[in-house]
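All remarks here apply to the structure that follows.
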């Protein structure tokens, strides 16, 4: 925008460009763990409840360097991923249907809330009885945990999609699939993604609880083992790893959401 | 249904086209269910025939059921009685050869202008390159060049409306249903887009049902102007517009044009007053 | 146009009749109960896994009549309400913050969600040290679980509001309080309420799970105790109580939505 | 799950799971870890996945729902058997002393059980064996839980220790090897050991189900043989056993050695009837067990130990 | 800023009112930030003065910045340069004595028509009884009697617009900013409500800034018609409407009325064509 012949001064300089603001966001995001680490270092001398960050990070590094972390990571990682995918794949279409039909919502909403609240600790012995100890039981446990938030968020999000857009879709003769993928899901995406992200994060804790409960391998088992002998640096190293994995997964989902919305 | 005699010419239903062709409204009655259980009788009985390739404007007081009727013709709403048939086939749902422009904002706010305009073709399965090239032309036509990559949030009210018009026109449907498409446009832009619409219509001979509040626009564009009564509504009067085509600026100044608009205006005024009268507040 | 009023009463589709919904809902519940009963009676499900529903119900009556029940119920409900209350309030505030300052939201949101993956149990010793024994550590853990969905749904709900509404509110010189209570909250209700429902259920899951392991009273403790004592009928009786609370809370929270959004029902 | 497969060259040829309580964390599981670490199971043709459960209750559930055998605490097994899991069987002893102990912070003024008047003891869950021990031992010394002494349900040994360290409790229950570690580090002092107060106690036992006994007795026999070798190694060859245990439990070699030295005498495959009866008494005191309804004849199968 | 000479009369700024009073726009420039960082210069430089109690219409091609300018006057948007002052005080935020009608639907869809109309008074702290009684009168005025307890979802487009008009009028503000308030209304209803608006204005002497696309409406209602250029926009021309008040049906047929509308039309056409020309598609 330049000064024109009318002699009107140009407005102030334009705002930061898209790439610059994305860059700023990345810096801010990166600053969060750095700041957390700094707090950890600052508070470390005051309590022996928490190990020093140096020890913890050293252990984490050791876990990879010495290789003892891989079997646990593989076991937990596969349960988390497969269970999350399974839970989402089941919950998403059901949530979609519930969101599209008031009748289904009215029928199932209270039932879902009820079954959702059944303590997981009870569920796991049942799963063990059905599947035995191993990936299947753990995966199912994860799937059930991821199922509910995805179902409820999807239903709510789809229900909130505005009528005029549905009308547009119908008038264009969109197939059910097109209506879902090109109108309802993009419109509902932010709220659906809340459920999916919660489901994904919960998947980790579900896998870990399952492993605390009965497991042959996994990060949960390693946590309980480290805790039992009060090897806090090792325990914190594993907890850190879990959160890191969840964070990276969340960023991936975030990115996917952006793609989804762009259609 | 009484054909307005003052048109000086009987309504020739077929008007050079096949008798069975076109859109036929048969005793359409729409009642909205309301929570108090009473229901709102939006349209009591609408009858009419849009012969193939004819341009019909629908005009009537606010809240009389025009949008409702358009929904019925578009297959989006099932009447409680009566029905619509197109080329003899009853309308049971949306059809591929019908395109609609809605009264409310119907832009997809997560898509750019370009991909909003191309959306109809995308749904119809046209490839990206092809549909985007076509969409660009249409965007130019409605004066949105330079805004291809903006999102609806960054557009003014009139610009969003033009996006919706472009989307419908791009589909090149046989039947075009438009609900106050030019409502938020300035007079010059609406005339320009109106003329473009006429040109497209003339080339492709669509049947058009066009809701507007602008009487001059209705008369200028149409073969027939249908006037809807106040709610519970029916189509009260059908005025055949016997102005020569192609129409141009001289049409607007012709005596016949003036006669027709006055006629529509008189009919309409009485109806609108009913609504306002009902409020018991009308100051003479 | 003098047409006889042919108007038929509006047709209400069968499926929207409340009686249909109720019938279907109970049909599903009773069907599931019948299947479970059959499986348990024929020994398809081992008694140590799950007793017959009829046995659970019989025990439920006795459990509810028992001396400890009211105390346990009160303990758990108090803890859940405390966790939910704090979590929902905090979540709403964080959600509002993230909405008001999108940059802050974009920065912290992925970390907030990732908190969910934290095995909170391992921090129990720290909570124990800071908060001591008793309900406080349990409430603290359940609170974090309740907070996250409320915060995220609030943020998303507020983001989904048409910009015209806050504009209207500002032009009417709404106070901040009026803006939030009269415009933003009702407008975002369809997404906030599901967040509250999730938050409540997570608060409950958190409390029950922590009581299961750590407490010496409360429904979660009873479930844990009977679990370890292999009193499966009692255990399921307590689980039924938990279930009823969850359903009741769900109905209650959804009725808020129906009250606020009379236009949607 | 699991089951016999075609017998390999040396042994019964079995691939499957074994259920163990607190596998990696408490000394009771040492013989299993040593047997695994020194390859005794492999020698018998057993290719075992050791499944860790957080407590006896869960371990016995694991066995009831398909893991062919395992080593849970005795009391939960008895309860499960009586409450309906009639298929369960004891086929051997495992740990015949209570290995639970109680610690105080090293600077505590508590020196004996009598000093516990007015103090708080951190144990695990209500109804657990640690609760029982604490209650029983202080009661024998004339203290009244809930009045002159407080028994707090805190959780696992690390939880309990944190509580004691932070002043939330005065005494913490513990077990080897963590108790030894805390003592070695100069943080804790041993207040008393339960084995000095509860003389007869079968802490853990080897369990299976009747259907496994019917289908594949040779596997059970092989398993017990390997366990026997491990016990022998622990009592006679610490140089080999300690590193194996250290690896399995993820602890230092010398800590493993010290722990095994202290606990070694508790390991025995002999079925300790007085110890089991003591468990039954405890169970009935806790209100979880009805001694009269317990069919011990059916529960205990002595053949396997006898055949060793 | 050139005052149109063809009005035959110089623009008397004060027009019988205090010189400092009224709304003064001073070199208002608005730039929207966009994601690509370029920014859209919606309004380049708007200058003008709405003397106290004057009715000013703002007219201009779609997307030229009318709504943006209204936001600035309403204190909802801070210009990047220049500013607005009311009675000499700079506008830094929304004021109690200003009421707005927005172009987009601004009904609160969880409230009934009655409580939507009364909403402004509710915010201002008026008691329920009082505000609802007042709201009912206003609902009758805009022809929504019988719909008091309906929700906006059950209304037609024009009915929603009338709800917003009623809400603003009910506030009885000193300064009224209306963005195409009659866009979705039929001609009769808009004339009726327009006349009511004039009556209210005449009684209470509000200053009004009224965006419309209807040139006749603008001329009929206003003391001045401001014409905005295409974007990046300024106020290109201010036409003083020297028609006698009160105005009535005879005004519409007067020669002067015709002259003025033609004048506005000519000015506007040139501007709109710029936009459409830019699309390079204008068919002469």
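For clarity, chains are labelled A, B, C, D and E in written order, and residue numbers in each chain start from 1.
Here is the rule we use: a contact is a pair of C-beta atoms (placed from the backbone, for glycine too) under 8 Å apart; a residue touches a chain by one contact, two chains touch by 3 or more.
Which protein is which chain? UniProt says A, C = NitT/TauT family transport system permease protein; B, E = NitT/TauT family transport system ATP-binding protein.
Predicted, not measured: the structure shown is a model, and the values here were computed from it.
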Neighbouring chains shared between chain B and chain C, ordered by label: A, E
Touching chain C and also chain D, the following chains: A
Chain located farthest away, centre of chain E as origin (C-alpha): D
Chain pair with more C-beta contacts, A-D versus A-B: A-D
Intercentroid distance (Cα basis), chain E paired with chain D, Å: 84
Inter-centroid spacing, chain C versus chain A (mean Cα positions, whole Å): 19
Cα-centroid distance, chain A relative to chain E, in whole angstrom: 48
Where chain E touches two or more other chains, by residue: 36, 104-105, 153
Residue numbers of chain C (touch at least two other chains): 46, 49, 125, 129, 224, 227
Sequence positions of chain D contacting 2 or more other chains: 61, 65, 158, 162, 166
Of all residues in chain E, those that touch chain C in their complex: 71, 74-76, 93-96, 98-100, 102, 104-106, 108-111, 119-120, 122-124, 151-153, 171
Footprint of chain D on chain A - complex, ascending: 49, 125, 128-129, 132-134, 212-216, 221, 224-231, 234
Chain A partner contacts - residues on chain D that touch it in the complex: 1, 17, 19, 22, 24-26, 49-54, 58, 61-62, 65-67, 156-158, 161-162, 166, 177-178, 181-182, 249-251
List of chain C residues in touch with chain A within their complex: 15-16, 18, 20-21, 24-25, 28-29, 46, 49-50, 103, 106-108, 110-111, 113-122, 125-126, 129, 148-149, 152-153, 156-157, 159-160, 190-191, 193-195, 197-198, 201, 204-205, 208-209, 212, 220, 223-224, 227, 235, 239, 242-247, 249-251, 254
Of chain E, residues touching chain B in the complex: 32, 34, 36, 40, 59-63, 65-67, 103-105, 137, 139-146, 149-150, 154-159, 162, 180, 183-190, 192, 195-196, 199, 213-215, 265, 268-269, 271-273, 275-276, 278-283
